[in-house]
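One chain, chain A, appears in both complexes that follow, with chain B as partner in the first and chain C in the second.
Right after this comes the complex of A and B.
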């Protein structure tokens, strides 16, 4: 009998476990789980940008925020909430296209700073605008209603985020294993050779920037309905760093890396949060500890695991060994 | 096939290519020779679109192309193998070559995400023509290695396969034989002959005059950015100007 490929079995196991989790987790753990899923959605996009297309974004939380704001605004103005969720990724992607046209002329550190600046500008604009509720933000966002289902319980949002993450993973996988994905990976190391193979480098860079922003916008939309309010303070610059740390720690350029990175960093930071909010801790302890955790993880990853935890080479070697073991006649 | 008229491109006041006109017939193999810094690679970059000329016209199959970008020219059938190894690191040899098919295929992000019939059809075809191209250049055994793991000579050969995978109408080869061993050079020469036999129009830059002379229908000699001579290989090798400029010695009395 032919065995299903190893990756298929791993995917099946992970899918089952992550689907069972919301049913068994306690409430506080469930909210961590949902935030983890949302972070994973954004991180898959960041990993796509950084690992495949060679672009760095330190402003990904701005796209997340724009999705959240779009979803919140539409549903507060009487549109069906389902429309709000659908529009969230579109608004984020369009936002990315608009800022991407001038920004993507930059590379490396310059691009990183420019995306960071984009987020700062976005936050200060949203914080001043009456439409978006200023610094207080938008409150009283109705729960998401999809057909006959009204999503009240946290558990529902866990499953919604799960489905969104699965969609994002599927899209990324499909794109990366075909013509446009190869073109992206190609232009990351040689734009000149990619151009001369017929790849419209500028347009492709913009497309992947918008795609990653769309992922972030989708996560932001879910976040808005789940939490019920969005304020500029919900999307600090630290959040953008978090996504980059997750992508780097997990290993750039792999979907698995993004997922593992998001899971690990979320769990570590949340655990530290528990410690930081114990009695007797100063009020600034959580923020200080999370900065420490991000930088610590980043340094450890860069020094000791340059390919991230999910090291493709290492895994490939491992996989070949296993395959050899199974295919040798006994 | 290709007509170049009065093409010029200076770098900081010094012309790398100056008032160059070349006509390459359909199916011709044109050799380009000239000393270091003569402007050969610059001429190729002007043809492939990586550089824009300040003056002059380039016509490919009766279409003016000097205003088009490199990827648009690739779609019109121009493929280039660069002098340096320009490979896609972190991708296997097969994947590198598959990128070459980009110019003649069209499924995009949406097709890929939705796995449309167009995507499936094109992917299958790309895979087949890639394997054929790898077979043709003799790299089939290396297909699953990372491109950066290849020796320099094979990286160059891989670029030839990448160019072929795009099924070009005009193939620009910038010193493809450099870095190859004698046996590999011989195989490359046979490959180029085969391609020409298949009707492909080729321009070949090469330092080894013997090597190009055996392959080319005509030679164009560049010196200091200008055309010094043009003609059949035998004529060129008897040309006194060429001997002086290119071989750097006085013609035999």
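Right after this comes the complex of A and C.
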């Protein structure tokens, strides 16, 4: 199936703009941009899992953290940093496979609680282990070295995260348009119906769970090299909540939704942060405003925009109307 | 032996607290099919309010009562947002209650700051069979027993309680006989708020409460409730007691930092065990 050329043009414009941005952004904006890209990588996975395959995960930050920890541990123990980055998504995916085998039998709110519990158990285990530096975490992670290039500058990490995001989007797009993608769509509606039509429900759910975790692990690996230290405190429950907010606000089950959601939520929260750190604001203002913004956005999106901001039906209707206006002879 | 008994008593008392939170989850789930992720928040709000009211000079009893009323209001507000809009699916409502819990963080940090707070309960301790038992533990146990008895009477005898049960067993038939299902759902949320609030004011003197204590509280309440399959408050009481005692024993004999993991692992094991016994078509029909 060929995509219509208009979609190609949009993708090309977005790609060019997002590639130019790191070159023009100021230092502080650049770090926000990198975190946005990393969040978008995780959110694409969350959106695929929740919207497309119908499985809720409230503990996605656990997989992000496992990728970060794997990358940090390997590079601190003398392995090439490139190997660390490569292993990060694999570790996260294997972790998801192991917990997914029992957990994915659960549905709906049971699965939501189980994934939340997984994250809490993971954090408390990591916080107690010597290997991972306990509550203090791992420090002094060397910068990423890929062949002859040592990634020191923020700008390099922005491009690295861009490439990772592009890869994740490409994989997700291929999954969605493939035969397994349609099977996932089917099992999201009814597992019994899907099963009786010959869809290997258990295996597919596990595969998409592991894939989403792998995305999160990849983002976590980049995060570890970019920030240089990882501690259990860097991956609170709020982080998992953030990914759900981004996916739901943008519109579950679509790549565009995940990207727009991640961008929009990041921009809103960062703008509020700017306001909150102005002179005269109390010291707790940033955290209060970000809690309020995340939860407010999520409630409004769930109640009033069930298809998310990027509602294809509505956008298509708008586009048709505009095209009609432009093509009518005057 | 005396160490064992004192662990047992503290485990039972804390378990009663979990059971109160868990029974709130059960009641809300029965009536609305929503699992209320902000259930732990009511306990936090009540505990922090009680500390403020006591500091403002209200006498014991009145301060705790006012704090529970604050929790009832919080429960009602959660219900309005989560199920007030027609056509919100239970899973959407679950995500909304999660969001309400996070929104409450903003309000709590604004009102009480981000440091944990505690407040005095019953100060004394009495000697039972050579074991010193803090009177607050006894208060928690006695109060919880009274609350569960009242809940049981309420669901068995009171008209309103029967209406709530009707909504849970068949919402359509309940509507046919003239029961306003949405209003009953809101009532369930208010009742859930009250139960969470009671847990908060009873446990408040035993463990300091901070704005983000709600995650562990709701997990422990859910673990207690899931042992009874989220169906009856009295089963949540059993689950809560089992969990509280198990946690106290692990904290006493193994290591205090493992006690939350006990709740989590127990909860996961029970949920997976229950799902394995139930055919998937059943689960989808819900």
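Couple of notes before you dig in:
The definition used in the following text is that the second predicted complex is superposed on the first by the 306 of 330 C-alpha atoms of A that agree within 3 Å, B and C clash if a C-alpha of one lies under 4 Å from a C-alpha of the other, contacts with A are read in each partner's own complex, and residues count from 1 in each chain.
The working rule: a residue touches a chain if its C-beta (ideal position, glycine included) is under 8 Å from a C-beta of that chain, and two chains touch if they have at least 3 such contacts.
Keep in mind that what you see is a predicted model, and the values were worked out from it rather than measured.
In the superposed pair of complexes, A:194 makes contact with chain B only, with no contact to chain C. Contacts of A:186 after superposition on the shared chain: chain B is touched, whereas chain C is not.
Contacts of A:124 after superposition: chain C is touched, whereas chain B is not reached. Looking at the shared chain after the overlay, A:175 reaches chain B, while chain C stays out of its contact range. Once the two complexes are laid over each other on the shared chain, residue contacts for A:237 go to chain C alone; chain B is not touched. Between chain B and chain C, it is C that contacts the larger number of residues in chain A. Look at A:296: by the touch rule set out above, it reaches chain C but stays clear of chain B. Once chain A of one complex is fitted onto chain A of the other, the partner contacts of A:207 are limited to chain B, with no touch recorded for chain C. 190, 192, 195 are the residues of chain A that lie in the contact sets of both chain B and chain C, per the superposition on chain A. Against chain A, the residues of chain B that register as touching in their complex are 48-50, 69-71, 74-75, 79-80, 82, 86-91, 95-96, 98-105, 107-109, 111-115, 119, 122-123, 126, 159, 162, 166. Residues of chain A touching chain B in their complex: 170-171, 174-175, 177-183, 185-186, 188-190, 192-201, 207, 211, 253.
Note for the complex: chain C touches chain A at residues 35, 37, 81, 85, 88, 90-92, 94-96, 98-103, 105-106, 109-110, 113-114, 215-216, 219, 222, 226, 257, 260-261, 264-265, 267-268, 271-272, 275-276, 280-281, 283-284, 286. The residues of chain A lying in touch with chain C in their complex are 56, 58, 102-103, 105-110, 112-114, 116-118, 120-121, 124-125, 128, 190-192, 195, 237-238, 241, 244-245, 248, 284, 287-289, 291-292, 294-296, 298-299, 302-303, 306.
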